[in-house]
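Both complexes below contain chain A, partnered by chain B and then by chain C.
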Partner chain A sequence: MRAYKPKDDVQKKAYYTDRFYVSPQVPKFSVEDDEVFAHDLEAIKAKVEVLDAYIQVGQMVVFIKPEDNYKVLELLRDRCEYTQLSEMSAIDWLAKSGGFEIFYQMLSMNKRKRLRIKMFINKGEAVNSVEKLFRSADWSEREMFDMFGIEANGHPFMKRILMPYDWQGHPLLKTYPLQGDEFAAWYEVDKIYGKEARDIIGPELRDTAKVDRYDSERFARLGHEVPKGTKITGNEPKNEQNYQEEGGVFMIKKFDKKDSVVIDDPQR
Partner chain B sequence: MAQHKINYTQNGGLPVALTSIDKIVNWGRSNSIWALTYGLACCGIEMMASGASRYDFDRFGTIFRASPRQADVMIVAGTLTKKHAEFIKRLYDQMTEPKWVISMGSCANTGGMFNTYATVQGVDRIIPVDLYLPGCAPRPETLQYGVMLLQKKIRANHASRAQKAKRLM
Partner chain C sequence: MQVKNRLSPFFENITFDREDNEMILNFGPQHPSAHGQLRLMLHLQQEMIVKAHPDIGYLHRGMEKMAENMIYNEFMPTTDRMDYIASSSNNYGFALAVERLIGLEVPRRAKVIRMMLLEINRIMSHLFWLATTALDIGAMTVFLFAFREREYLMDIIEGYCGARLTHAAIRIGGVPLDIQESFITQLRTFLDKLPANIKDYEDLLDTNRIWLMRMEEVGTISKEMALSWGCSGPMLRASGVAWDIRKEEPYELYDEVEFRVPYSDKGDNFARYRMYMEEMRESAKILYQTIDMYEKTVKEGQTELMAHAPKYVSAPKLDIMTQNYSLMQHFVLVTQGMRPPVGEVYVATESPKGELGFFINSQGGPYPYRLKLRAPSFWHTGILTDLLPGHYIPDVVSIIGTTNIVFGEVDR
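So, the complex of A and B:
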């Protein structure tokens, strides 16, 4: 099992140390390049403050203030024909800038355009729910709460969606270990048998490839099986593998090819 | 005219077979292992294929039941998540004894490739397992072989004695 390394400051560290390496950037274009997007951006700018806007990979990205998200999405749905919220979630930037980036991916079937509304919130802040505008936001916002702990104000059922209700921690945070913290490691044992059962059941065996051929409690060497708990020396006699016991089984006749009849005539 | 004529004079002259209670009860038990439908993931598809006409589990007397109260063996086919762990324990407790558990596939055996926070690392952390089937996913032949081994195990036990209570702890 690999040792767990804390990932609290992993975003601050350089992950690549080549001095001459220039990380590739997806080129950004001005919104004026696209007539449809420029018109949409004008409509947004007329209503709320826009922090930044550009086109990347053919999609417009608009940065807004977090308190304006409901207004902007309502405008896009009712005035600009962006009738679908195809995806929404958050990105964990806690280590880098102390908060989350939340994005709303919108689709207009009439205009054949996709645009993305982005906003930045600080740690511990809640966002306005857009569930009243788009039904798809119902589960997406619950998932965002489940995975990041960001609550949506005005959501009708703000509960976890994937993890159990009594789960502790938010698994998609970058500080959350992949194999779980202590709560996650003992969750099912604690819940079913109680904390006192931890010593009996033991910790999780995380190395699934680990095989100890001298361990007769958990492993059996195929063809050389011994009773559970026997000390294995390595030169166990070979056991014959068969489906049935020696001498046959009560009331069950073994198939004998000699006694069988092959019917050649299918009509008989 | 009857096509199959019964010869009452063979085998010592009487249509009677002498045996012990143990053997006849074990014969009944081992040839009617009703399985609980427990398809949790892709292994469940292989389990269904074993039950369908090509592999035909019915000829072993293995009929899938949708209720734990009618089932003898629980075939845990697939990934067990931590959210689901309490329910597998509840269903196992609802099964009437004697009962057996087959852990089918890598995920049920050890957690398999899901070495994550949300997966139970082997169902034997929750319920006692009689038979582990390797594979990802095991072929229907593997499951059939597993059921035949389970039949062998049932026949080797004393039916007249109460099944030794299988408790994890």
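So, the complex of A and C:
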């Protein structure tokens, strides 16, 4: 019987995990431990509802409701001196809880502090764009849309950024296979040569290092390689691999290794 | 038989009805001065750009996706391919993020070696920047000079790890090797000559009429714009924000070395050029101090290069070869990979280009659940949207030059 493979998360899985293994946790600390963060959290709490907040690895993490993201980031920028949005993206939790977690990584240069605003959205929901507050969100939100399919309301140019405009599927979803899906295999063939050339060219192999171990014809024929499609008889001549070091380079006539000097000084 | 090619130009089927003399210029993605696969769609009025639309993704390899399917140590060589001009700094950013996640303390000697590698990489990257930008502007001599000096540094790095561009010279938990015997002498020779070399470049450029015309008052980024666009590194410091992560949030031993953080409030191309030159000098200063620190660790007999954490880091080779338990641990770590604790971390380091951040979400498995690479060049490319309008076509080349974008990093 074939082993069961979940379809909602096709990422690589650990092939062995001890039954009694309990993962340790990165410690979380109370926000009260840090004066600056406690003050910032007070400011956020005065404006919107905070679902959870803690400090992890020296940075505060605040969970808010998705509809409040614009308000919170505006507050952080204008009142709390968090002047830069260093990074934002999403985490795919579709398999576990049916949605995405979105994080905004903020930086305050005056306070020398970093904090992370996090929120959870359900599948198919859009977020409010924060592009008007931070121009860096322009490209980040496009990337998030490209990779996860999460749209940002009010974004001026909600198009793909890394993948081609006519691509189908969102590569960073856990349901998207690492080697690409059916669409990816035919994308370039269809686009450049047309659908009718599919039979001649075949699907694109996106894993160049892949060795097909069931290919009994071509696998491990090192030194006896034949062009693709050639019928293999088993009497292929050996492909001689000549290295120029062995017999010398044919163009160089007067080179003698004994007379040559190796320069050690790098500042020659 | 030749198969008919169906690719047609993007704008072929569009008719232009408006009579506004606006021309669309397609710049790249194979333009020699685009520093990689950058495609710019420039809307022009006469020679002036009225709208710029950078198009990226031509080097997208899906590193974040790859990371989700790799054990942590496997991902290290992949980080080399981000900013391939200074690859040790990417290795380091990733190693530091994982170390913070699992709470590892790296031995002092490894820290010193890491700092040496990071600063060598910084000088290498800045020399490369100077060479290519000068070449774009037309200064061939500077290009040859800077590449010559960069070659010496690549020789030193090659002696250390065997590679010139993709170093993979740093491991999670330390460094794999001690520096070679000739490392310090070679480095000292290089550093002693560097001030004179930088002086040479400056003599050629600082008062050069063409250079000044192409650099001064061109591509001015205001402080607000730089902050809003998430600029970092020299791009931010040239716009009047003295923010250097090495100084403000020190990692490794950067709090023990003395160096200045140069900044300028001009924000134009010339300010950025000055920034790179000054930073090379500061890096040289740091390197002199790390040489002393290294010699001190040798004197004090601190020979450890990898952290001692059997759950996460393999034991030294001698232990693996002689002790059964170390061998078992090593086997498990290589075949299954380490399992960091459940948690999240965002760690930013100052790479030569700016703030290089690694966001890791670990669910306790041997593969990261989510890894986000925060590459500085991504936003330094994005800012071209707002920066280019109002400039002329030749300025595009000098502005792209001074933003110092590397497409391995932009597209990841």
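Here is the rule we use: the second predicted complex is superposed on the first by the 188 of 268 C-alpha atoms of A that agree within 3 Å, B and C clash if a C-alpha of one lies under 4 Å from a C-alpha of the other, contacts with A are read in each partner's own complex, and residues count from 1 in each chain.
By our rule, contacts are C-beta pairs under 8 Å (C-beta built on N, C-alpha and C of every residue); 3 or more make two chains touch, one makes a residue touch a chain.
Note that the coordinates shown come from a computational prediction; the quantities given were computed from them, not determined experimentally.
Contact with both chain B and chain C is seen for A:Pro171 once the two complexes are overlaid on the shared chain.
Which of chain B and chain C touches more residues of chain A is settled by the count: it is C.
In the superposition on chain A, A:Val189 makes contact with chain B only, while chain C stays out of contact range. Touch criterion met: A:Leu205 reaches chain B, while chain C stays clear of it.
Looking at the shared chain after the overlay, A:Ile91 reaches chain C, while chain B stays out of its contact range.
Applying the stated contact rule after C-alpha superposition, one finds that A:Ala3 touches neither chain B nor chain C. When both complexes are overlaid on chain A, the residue A:Ala46 reaches neither chain B nor chain C.
Once the two complexes are laid over each other on the shared chain, residue contacts for A:Met251 go to chain B alone; chain C is not touched. Shared-chain residue A:Val261: touches no atom of chain B or chain C. Residue overlap on chain A between its contacts with chain B in one complex and with chain C in the other: 163-164, 171, 176, 178, 191-193, 197, 200. Of all the residues in chain B, the ones that touch chain A in their complex are 17, 19, 23-24, 26-27, 31, 82-83, 85-86, 89, 106, 110-113, 115-118, 120-122, 125-126, 145, 148, 152, 155-156, 168-169.
Those residues of chain C that touch chain A in the shared complex are 3-7, 56-57, 60, 62, 64-66, 68-70, 100-101, 103, 152, 155-156, 182, 186, 189-190, 193, 225, 227-230, 232, 241, 243, 248-249, 336-337, 339, 341-348, 355, 357, 359, 361-367, 369-370, 372, 374, 378-379, 382-383, 385-386, 411. If you check the complex, the residues on chain A that touch chain B are 163-164, 171, 176-181, 184-185, 187-189, 191-193, 197, 200-201, 204-206, 208, 243-245, 249-252.
Residues of chain A touching chain C in their complex: 11-17, 21, 23-26, 56-57, 59, 61, 83-87, 89, 91-92, 103, 105, 107, 109, 112, 114, 116, 134-136, 138-139, 147, 160-164, 171-172, 176, 178, 191-194, 197, 200, 264-267.
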